[in-house]
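Each structure below is given as structure tokens.
After this come two complexes, each holding chain A, first together with chain B and then together with chain C.
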Partner chain A sequence: MGRIREFFSSWAARIGAAIVCLIVLMAITAPVISPCDPLEMDESARLVKPNAEHIMGTDEYGRDIFSRIVYGARTSIMIGVCSVLMAAVIGVNIGLIAGYTSRIFDAISMRLMDAVIAFPATLLAVVIIAIAGTGSMSAMLAIAIVNIPAFARLTRSTILSEKNKLYVESEKAIGAGAVRILYREMLPNILSTLFVQITVSIANAILLESALSFLGLGTPPPAPSWGAMLSTGKNFILYSPTYVVFPGLVLTLLIIGLYLLGDALRDFFDPHSKERD
Partner chain B sequence: MFIALIITSFFVFMIINLIPGDPAMIMAGTNASETQIEALRAKFGLDRSIIERYFIWLGNVMRGDLGVSFVNGQPIVGMVTSRIAYTIELAVSATLLSLVIGIPLGIYTGLHAKGFADYIITGISAMFFAIPGFYLGILLIIVFALFWPVLPASGCVPFSVDPFRHIASLILPSFTIALGLAARIIRFLHSSVQDVLQQEHVTTAIARGDSRMRIVMQHILRNSLIPVITIVGLQMGDLLGGSLIIEQIFGWPGIGQLTIQAINWRDYTLLQTNVLYIVVMFMIVNLAVDIINGIIDPRARVR
Partner chain C sequence: MSDLLRVEDLSVHFPVRRNPFGKPRVLKAVDHVSFSIERNTVFGLCGESGSGKTTVGKAIIGLKRRTGGTVFFDGEPLPERNSRELRKRMQIIFQDPVGSLNPQKTIRELLAEPLRIHRLAFSRDEEEERILSMLEKVGLGKEVLCRHPHEFSGGQLQRICICRSLLTEPEFLVCDESIASLDVSIQAQIINLLRSLKREFNLTVLFISHNFAVLGYLADRIGVMYLGSIVEVAPASELSSEPLHPYSKALLSVIPQPDPRLERSRKKIVLEGEMPSPIDPPEGCPFFSRCPFAEEHCRQEKPALEEVSSGHYAACFKAKELIGRKDG
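Here is the complex of A and B:
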């Protein structure tokens, strides 16, 4: 408990956690808190300005924008979290094996990671989606692939610096196999850095997801998605500027929250970095 | 570098050819007969094996022949070069702008850490750090093109037609990119200036009675600039590849917009040229960053 209290002693952690919890809660309770069905169209109420009935107005089909934002949170968070977890599982395993076992695997996998990094992230994701076809699943896959190198490199570099330490030597001496040493002894030591990376990656994944949806390559309509709302809302900017302002605002808030949380986690796990700021 | 280029080009070629959909069938249209499609395949060499096609393509690229577009039969070279000029223009103006905004503010906040102005500037830049580029772009359009219509919302007037309107249309996309980048520069300079301030050579310079200007220019700027060059360089590599999204929002006719079009049209040749160009730019800029860092700080020189 003391550790948790210590973590929340920083303002970044408090504000970040509050924002993220609020939006996650919003996504979970979407059916309860949203006043309308996000897909329900109302011909008589197109592009309505914010009022008592529709607190954020309606879109070009008369759908309630607030409800669409609330449901859109589900899409964004789902894709962001799933793709990063996928990337983390694959990346960490590549990093563990590359750092600890054969040199050939190390060389090949790291050159492969370099090749992935040589592509700008958005471009790579767009090309992957062009191959896999548009849709939520391929967006998730594309975002996952873009995020793998960060995890692989992070894990590998930690493993390389840990592998000659005494506790690894002693495990070897009692005859422990590579699997036991890697997953039971070494993995727990990199969990803290991994946590920080996951938080930051989720923020970037959510950003990338909305960017892809913005380009029409992410979540297909009519499902609500923040990026798609921004790109259609942009067309109606003259009649109803609020249409485009609200989804972007919630997206920005979530990103700020995740970045703050990431900063706070980094300071918490690595007090050395705090002194420098 | 050369080997890396060959590997990358192979990679790009293979990936692009994984995209489903037969371009010959798309070109021929829905009513085409099998023989017509076959003829088109033969014309564009699509009937050969993928490895064969790669080497033919590579040989042509080496001679400066990028082939013709699958969709409208125009030579790719012409389509791409006009777009590259626009993309480079936007990348350079945005980067310069971000340096002009970011470096003075970053150094100021670093020198006056924990002051009132520091909190204000760091707070604002934290906001620009987190705000997605495409949202910022839309907000800027709302403010400067709708409520206070001083700048065009999107599109681009060629420089030769009207230089003033051309520059006016460059302002909003440049600022959209520059504000986010400046926020990153401020963030890094803030902490790296404070690091440098703690070092002994700065203390010595202060004790020696060097002027404030000299200390900042000679000791602080030089030493704290390396992380900044790395960030700006990485970003520049990204921008020279054409910002897919910013170009889309502002209707800027750069390489990013062309890439999105190529994907929508399933134009393989165009897409692989674009992707190769973007990746090559990225690699060249990274190399340039290493070289510049080596000049500023001999310790960072590649062994």
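Here is the complex of A and C:
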């Protein structure tokens, strides 16, 4: 418990955690807190300004923007978390094997990762979606693939420094095999580094998902999505600026929250960043 | 008496390349080392840092790849990679007990591991029982099990490491500078613990240390290493009373005597210069550059380890002449 209190002693951790918790809570309780059905159109109330009935106004089909933001949080968080977890599982395994076992696998897999990194993330995601077809699943897949190299390289470099530690040698000496050493001994020791990367990657994945939806390659309409709302909202920016402001605000807030959390986690796990007993 | 371990012509070489375009060079950490260890005896290996004694230990255990020679264990030559069965029969205790235990795990997890890897316990109860009885033998109690390594002192951790190594009931144990990182008062405890455990479990031990006094107390036979080669092997008592190789003489002459009168009359042989680099070592006798008796002959040819008197081997052309000479 002392460790948890220590973590929350920093302001970045408190604010980051508060923002992320708030938005996650919003996503979970979406059916309860949203005043309207996010898909229900109302011809008589198109592009209305924020008022008591629609606190963030309505869009061009008369759908309640607040409800759409609340439900959009579900999509964003779902795709963000799932794609990053997928990327983490694949990337970490590549990194573990590349860092610990054969040099040939190391060379091949790392050059492959370099190739993936060489493309701008959005462009690569667009190409993957062009191949796999549009839809939430292929967006998720594209975002996952874009995120794999970060995990693979991070894991590999951590393992490279970790594998020269004495405890690894002593594990070998008592007869532990490579699988046991990698997954039972070394992986738990590098989890803290991975946590930081996961937090930051989720932020990037949510941004990328919004970008894809903005381009019309992410969540297909009429399902609510922040990126798609930004995209259509920009057409009405002069007539109804609140349409585009609110989704953008929530998106920015969530990204800031995740980054703050990631920063706080990194400071917390890094023994050099502050003095500890 | 039979030998449990026989090392024949063991070499461990590492390729080193300072810059990518330079020609690759070879670091000869261990070069043509031969010795054997009788069952239930302690063989001490001593030498200054960089002499390759640790590499010998790790090469036998299989933590370093052997580039030449053969190690016979219980009459059988060791395969290139030691099998799990062999790892169970041979164990090692490292110099640094703090670093050799995974900091994230509890002592219980750390101690259960060897039993699980080698499937030595068939139930949780049996596992617990074996761990507790071994803990008792190294002088620790049940209360240590739920704690993490950082909560212990170096001496306690070394006891835990010893316990962990002995849980697989090995026949052969390598102690790699196992007491060097401890307090002097704790060193004595650990040495005595190792001695009594050796007797109890009929262990054969390779004890690696730079501390000649410790080896004189623990070991039955001692080998002296210099620059990757063994320069002298003799029974412990004989080596301390009458070293033959000039390097051993120098090494022994600097051990302080507890008796102040003896200490005052003690003649120290202080060697000049440094040990040459093991990268591209000199052709002839490795000790040539620092030997007070060196002749032209020694520069050209490397002396072989030869039996000078019964059971006493030295790798020096002048060993026979040096018998009985106390000066340096």
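Simple rule for what comes next: the second predicted complex is superposed on the first by the 271 of 277 C-alpha atoms of A that agree within 3 Å, B and C clash if a C-alpha of one lies under 4 Å from a C-alpha of the other, contacts with A are read in each partner's own complex, and residues count from 1 in each chain.
We take it that a contact is a pair of C-beta atoms (placed from the backbone, for glycine too) under 8 Å apart; a residue touches a chain by one contact, two chains touch by 3 or more.
Just so it is clear, the model here is predicted, and its values are computed rather than measured.
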Response to the item:
So, after the overlay on chain A, do chain B and chain C clash or fit? They fit
Response to the item:
Comparing chain B and chain C in the superposed model, the one touching more of chain A is B
Worksheet item: Which holds for A:131: it touches chain B only (first), chain C only (second), both, or neither?
Response: first
Discussion item. Quick check on the superposed pair: does A:189 touch chain B, chain C, both, or neither? Answer first, second, both or neither.
Written reply: second
Item to complete: Considering only touches as defined above, state whether A:165 meets chain B (first), chain C (second), both or neither.
Response: second
Discussion item. Students often get this wrong, so check: with C-alpha centres, what angle lies at chain A between chain B and chain C, to the nearest 10 degrees?
Written reply: 100
Discussion item. By the touch definition at the top of the document, which applies to A:101: first (chain B), second (chain C), both, or neither?
Written reply: neither
Worksheet item: Which of the two partners, first being chain B and second being chain C, lies in contact with A:173: first, second, both, or neither?
Response: second
Discussion item. So in the superposed three-chain picture, is A:51 touching just chain B, just chain C, both, or none of them (first/second/both/neither)?
Written reply: neither
Item to complete: Considering only C-alpha atoms, give the closest distance between chain B and chain C in the superposition, rounded to the nearest Å.
Response: 9
Practice prompt. Under the contact definition given at the top, report the residues of chain A touching chain B in one complex and chain C in the other.
Written response: none
Discussion item. Can you tell me which positions in chain A touch chain C when the two form their complex?
Written reply: 165-167, 169-177, 180, 185, 188-189
Worksheet entry | Of all residues in chain C, those that touch chain A in their complex | 61-63, 84, 87-88, 91-92, 94, 96, 99-104, 113-114, 117-118, 161, 164-165, 168
Discussion item. Give the list of chain B residues in touch with chain A in this complex.
Written reply: 7-8, 11, 15-16, 18-20, 126-127, 129-132, 134-135, 138-139, 141-142, 146, 153, 191, 194-195, 237-238, 241, 244-245, 248-249, 259-260, 263, 271, 275, 278-279, 282-283
Discussion item. Residue numbers of chain A touching chain B in their complex, please.
Written reply: 115, 118-120, 122-123, 126-127, 130-131, 133, 207, 210-211, 214-215, 227, 230, 233-234, 237-238, 241, 244-245, 248, 251-252, 255-256, 259, 276-277
